[in-house]
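Below: one structure in structure tokens.
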Amino acid sequence: MRVILKTRPRKKPHVPIEAEGIIPQNFLRKNDLSVYEGNRERHLEDLFFVTVEGPAVSPDQVEVILTGDTGRIKRVGEYMNAGRIIIEGDIGMHCGNFMSAGEIIVRGNADAWLGREMRGGRILCEGNAGDYCGAGYRGEKRGMRGGTVEVMGNAGDFVAEYLSGGEVIVHGDCGDLPGVEMRGGTLVIGGNCSRPCGNMTGGTCMVLGDPGELLPSFRRNGSTEAEFGGKKFRMAVFRGDVANRGKGTLLVREDLKSSRP
Amino acid sequence: MTQGILIKNAYVIDPLSGIRGEVMDIAIRDGRIVEEAPPGSQVIDAGGCLTLPGGIDSHSHVCGTKVNFGRYMSPEDMRAGRTSRKGVMHVTSGYSVPTTFGNSYRYSTMGYTTVLEGAMAPLEARHTHEEFTATPHQDMLANTLFDGNWSVMEAVRDKDVKRAAAIVAWTLAAVRGFAIKLTNPGGTEAWGWGKDVANIHDPVPHFEVTPAEIISTMIQANEILRLPHSVHLHCNNLGVPGNFRTTLETMDLAPPAQGNRQTLYLTHVQFHSYGGTTWRDISSKSEDIARSLNSKPQVVIDMGQIMFGRTTTMTADGPMEFKLYMLHHNKWSNHDVELETGSGIIPVYYSRKSLVNCVMWAIGLELALLAKNPWQCLLSTDNPNGAPFVKYPEIIALLMSRRMRENERKEIDPRTEHYVPLFALERELDWYDIAVMTRAGQAKALGITRIGKGFLSPGAQADVAIYPLKPDQLDPSVDYQQVMAGFSRTLYTIKRGRVVARDGDVVVEGANSTIWTRSRVPPGYDMGSDPEFTKKFDQYYTVRLRNYPVQDVYLPRGVCIETEAAL
Amino acid sequence: MRIEDVVCPFCGCLCDDLVVSVEGTKVLSVENGCTLATEKFTGDHRLAHPIRRTGGSWEKTTYDVAIRETAEILLDAERPLLYGWSGTFVEAQTIGVHLAELLGAVIDNTSTVCHGPSIMAIQEVGHPGCTLGQVKNRADVIVYWGANPIEAHPRHMSRYTTFADGFFVKSAFRDRKVIVVDIRETDSSEIADEFVKVTPGGDYAVLSALRMIVRGKGELVPEKVSGVTREQLFRVANICLSARFGAIFFGLGLTMSRGKYKNIRNAIELTEELNRHTKFTISPMRGHWNVYGSNEVFTWITGYPYAVDFSRGIAFYNPGETTSVDILRRKECDACLVVASDPGAHFPRACAGHLASIPTVQIDPHVNATTHLSRIQIPVAVTGIDAEGTAYRMDGVPIRTRQLFSTDYPDDVAVLGRIYSLVKEAKG
Amino acid sequence: MDFLMTTGRTIRQGSYVERKNTPSYRDEASCIRMNPVDMLELLVEEGDAVRVTGNGSSVVMRTKPDPMLPRGLVFVCLGPYANVLASPWTHGTGMPDFKTMPVSIEPTTDAPLPVSALMKECGGVPYED
């Protein structure tokens, strides 16, 4: 089954839409989903032209396609556990919250909190991702716990904050403090960043670009070889964050290893 | 305006009136229980369902600085229990530290109409009273903290009981408090230096008084002032393996009762009944504690039951919270209050996989089952320290059903039984015991029967809870699931003659009262004009004496219990 | 008439020992207060009556009209924002939160551009704090980090720290060590025993280094960390470790600089670490006199201290998403009610621009920058002068402000109460 | 010349905060403090107007020497003048970078605008009391 949701023009296009109902399993039985535009409850049809093609007997046979002005739609794919969502353009915040299985493909850019507290499945963002990509929620001790988030472009600040399991791969640059409070899982940064892994207590982070300034609280611990994008790199190994009880691993390129402030 | 309700066919248990289970009618008029309902009264057919006086929680943390800080620091807790505005009900959030309306609605749907906030720092009393106003469905009382009060400790050092009494009288009246609360007496002052006291004879740094002296003096002061409640004590060494000795020694400090009520109330005694020397060999000493309790009618305790799951611990016992933080390494808040007390907050998770937690769980139940007299052991979780109060129905069911305890035994750490006597106890509490432990006993211990709390005979306040439970058709020992469900949600909760909750929904906007006490003292004992007291106040507090007392505007429906001090 | 023990409604110190002389509705003099207090009490720049704007011009209007139109604007909006609240009293803040709940609005207070990051940090690691009297009576080491009390909280040092004698600290100026950490020298750093100059944005690394030293991992600290020498880091750590009671006060130098709440988190974790050795507390230097009150009220009603979004009926909180600056930057809100604050002056220009493009209503005694962006302004009495109510000091101590005289201005409760009633009536 | 601008409270800003339409508030809020050597290099003296540009906008302020500031760092009290240059980006935290704004500064013959005019620039309608 293919469900195509094309946005209708809106009078107030900046008012955010919350559409946690947009997950494959919900289209098996019904189309009369509620979505919210600001503080108003709307029918799915009020905001989207909905086209359904073909049958499905289980959610993994459902593919949802979002097109149009989708950059303000939040929470698409929340709690998704099967099937696939393809977003032709940009997507709003919290795409794939708590997702446990299935696949989300974002052809454009994703706003902040992409894959927040994700448990499993796969998110591919072909453009850039915002702040807190693959992160957790305020006050919680664990962020993303499983699955894969892959960003082909850049990502913002606090990427993979509190990462506890699973894998976050950003091919481009990250902002400040990627992997901050990280306690498990893997973070791979293809490009540059600054102050990676502040206060980390576990997990592994690998930075293939310039890591900017490293925090003083990482202890050099030999070197190793790593592979990324089909190339091999000589990596300096750091353990940290020793300001904490840190047992995390930070790998930075031996040839780009940067200043310690 | 005359408002009447006639409750027909109620299966009433009203321990204070000597009714142990009798199908009868209850008439209500103008907020009071009366002989006969006025014409045109609303008729409620209770259909033989269990009908009790409104529930009273004699030790709970629901309002004030540290409770609100528990909310403030825990957005993750707020994700549970979120409800939107519905009818007269406001938005609520939170599980272990719900918003004020969340607390109020949940208590109300469980049939609770009176709640005592367990710890109010005098300096921050205004905050507690503001939250009382936003907890509209329960009449509220505030235990007022004196554990690290400098003026009190100086009076204790000078062995001047009368001065201690005068300070208490002035403070309670100033902050609209209800009773004397001592939390780890002396320990909170020591915590001002990052220290604690080791036992009740360990002197408090600088002040050179011992916890035992503070406790004894305050008990005497309390009786001099003829306060309705006794000293309400959170013993030293909370949560420390081997602390049962401290607790036993403390119980020995309680002088014989002079009248009808205890001279010492020990709160959350589960946390104070540990044997062993470390967390590795912690064991239950509930039998020792219960033995002492059973021989001392002058002592009343509450359980401080823990239940498995997550919660937030919060107490004025600052040093204890720091020790707990060192074990859990999650997050820790602390808030010392100048010249008075302290407080700490940390989130915890009580796990069935943790032997220590299982032992703690067992001890609470054991205390209730081993206490011969239900009037001496009241039901509490020290909400939310042992568990959020919404767990009360589950605790009731555990106390009423050995079978349920046996089922739970299969789920917990199998080593538990070697450290606790719980599974050898056959006792199953009955409906009457539960009625005592959840309302009548509280009313008596708090001394608020005099304002009509805790009973249902004519003259009483019309606080009534009707539960969907038919005692003559239920065997709680077997049907514990029904017991649990029934106590979770009343058919009707009636507060001061008005139906406030029905079938789990709150149906009116509340308007509670705040109950406080004032002891009249002779002019010579008025601390407000005592030169030494006022001078020290000006020197060491950071608010002016004149800005300290809580104004009347904070108690729109204050109920003052006045006493004549024997000074 | 001389009125004693007056509470100052300016900064988070909430000094309550002012002596104010008044004649009728005029303040003649202020004793004990700082310059800010004197200016506040003697200020006479009130907006005289409600004003409304049609197109390009302003006109005088009545309270009735202004209040009715405000209710209509809010009812029309799909994503109304109710912002401000720190300059009013708790009772008014309470109505504000209930109004937001009723409207399905976002409600936010000025913490959002002040100590919001401190709150976020506290939500991660907690907050070992205390009341200010605890510091006054005990502290022998004071640290001001990213704060300049002499300019922002002029009596903080004399009432609570450097110059305040206490029970266990008989001669404060002699017995207390003061450490100031900042990116620049200030009047406050001038009187410090130890001034630690950090390169801008370098606080996080400096805090990490101090934590390492306290944890006994000092051997790993490099020669210089964000402009601070290893030697000074050790000296500072040792001063802290040898304190009997240490108190850290931090300001916007931490909350607003790079890393934001992670800086505060690091400072709190340093404090926790120090508590394993001695007694240490940490406290934010809250700005507005009752900003902490707004946090308290928001929390007991909604569970969250600021940035609460009721659009889905329940309360939702996520700084960065439900915070005012972000909502305005993304042009999400279609109406705004500003109460007791001035986002026109204190938000980035792009945010002010959006306020101008939507119906914005301001409830405030004074003409300020936001006035020019608004459609309606409703003047009210000034709390602490001609209105009274509860305020929370920066350390959480609640104090009731005093009304010195009455005027014809309604207070915030009166105006908001009427708006609330109209909205409730319309909502049924 | 490029600088890092930081903001904060001053006593005078606080004193005039409830009179934002007055020249005294304008003078304080549009005062840019900088190291005297930096001023020398910019060829400006105390009280001279400078145009400060950052985040795609610019605003005119008046200089004041402040030897306590390190070279390259300028200080403006928080308020509408500094905020012309502030980016609304918050890094997902709700808080803009008020303490660290990269700016460039050049002398100008223009004068600082009153607050109401600044608000007009971003779409407001001045109210003159």
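In order of appearance the chains are A, B, C and D, and numbering begins at 1 in each one.
Heads up, the rule we're going with is that a residue touches a chain if its C-beta (ideal position, glycine included) is under 8 Å from a C-beta of that chain, and two chains touch if they have at least 3 such contacts.
These numbers were taken from a predicted model, which means no experiment stands behind them.
Chain centres were defined as the mean of their Cα atoms; on that basis the chain farthest from chain D turns out to be B.
Measuring from the averaged C-alpha position of chain B to that of chain D gives a distance of 56 Å.
Chain centres here are Cα means. That of chain C falls 22 Å from that of chain D. Our note on geometry: chain A versus chain D, Cα centroid distance of 38 Å, whole angstroms. Chain geometry summary: the mean Cα position of chain A and that of chain C are 34 Å apart. Multi-chain contact residues of chain B (touching two or more other chains): 73-75, 77.
Within chain D, residues 91-92 each touch two or more of the remaining chains. For chain C, residues that reach two or more other chains under the stated contact definition are 120, 123-124, 258, 310, 312, 317, 319-321.
Every pair of chains that touch is listed here: A-B, A-C, A-D, B-C, C-D. In the complex of the two chains, the chain C residues touching chain B come out as 4-5, 7, 16-17, 90, 94, 98, 101-102, 119, 122-134, 136-138, 159-160, 166-168, 244-245, 272, 275-276, 278-281, 295-296, 299-305, 310, 312-315, 317, 390, 392, 396-400.
Those residues of chain A that touch chain D in the shared complex are 112-113, 130-132, 156-158, 175-176.
Contact residues of chain C toward chain D in the complex are 10-11, 35-36, 39-40, 43, 45, 47-48, 51, 53, 56-58, 112-113, 116-117, 120, 148, 150-152, 154, 183-186, 200-201, 252-253, 255-258, 260-261, 287, 307, 319-321, 323-326, 328-329, 342, 344-353, 356-357, 365-369, 371-374, 377.
Considering their complex, residues 91-92 of chain D touch chain A. Note for the complex: chain B touches chain C at residues 63, 65, 68-69, 71-75, 77-78, 82-85, 90-91, 93-94, 98-102, 123-124, 126-127, 130-131, 134, 150, 191-194, 206, 322, 325-326, 331-339, 342, 345-346, 539-544, 546-547, 551.
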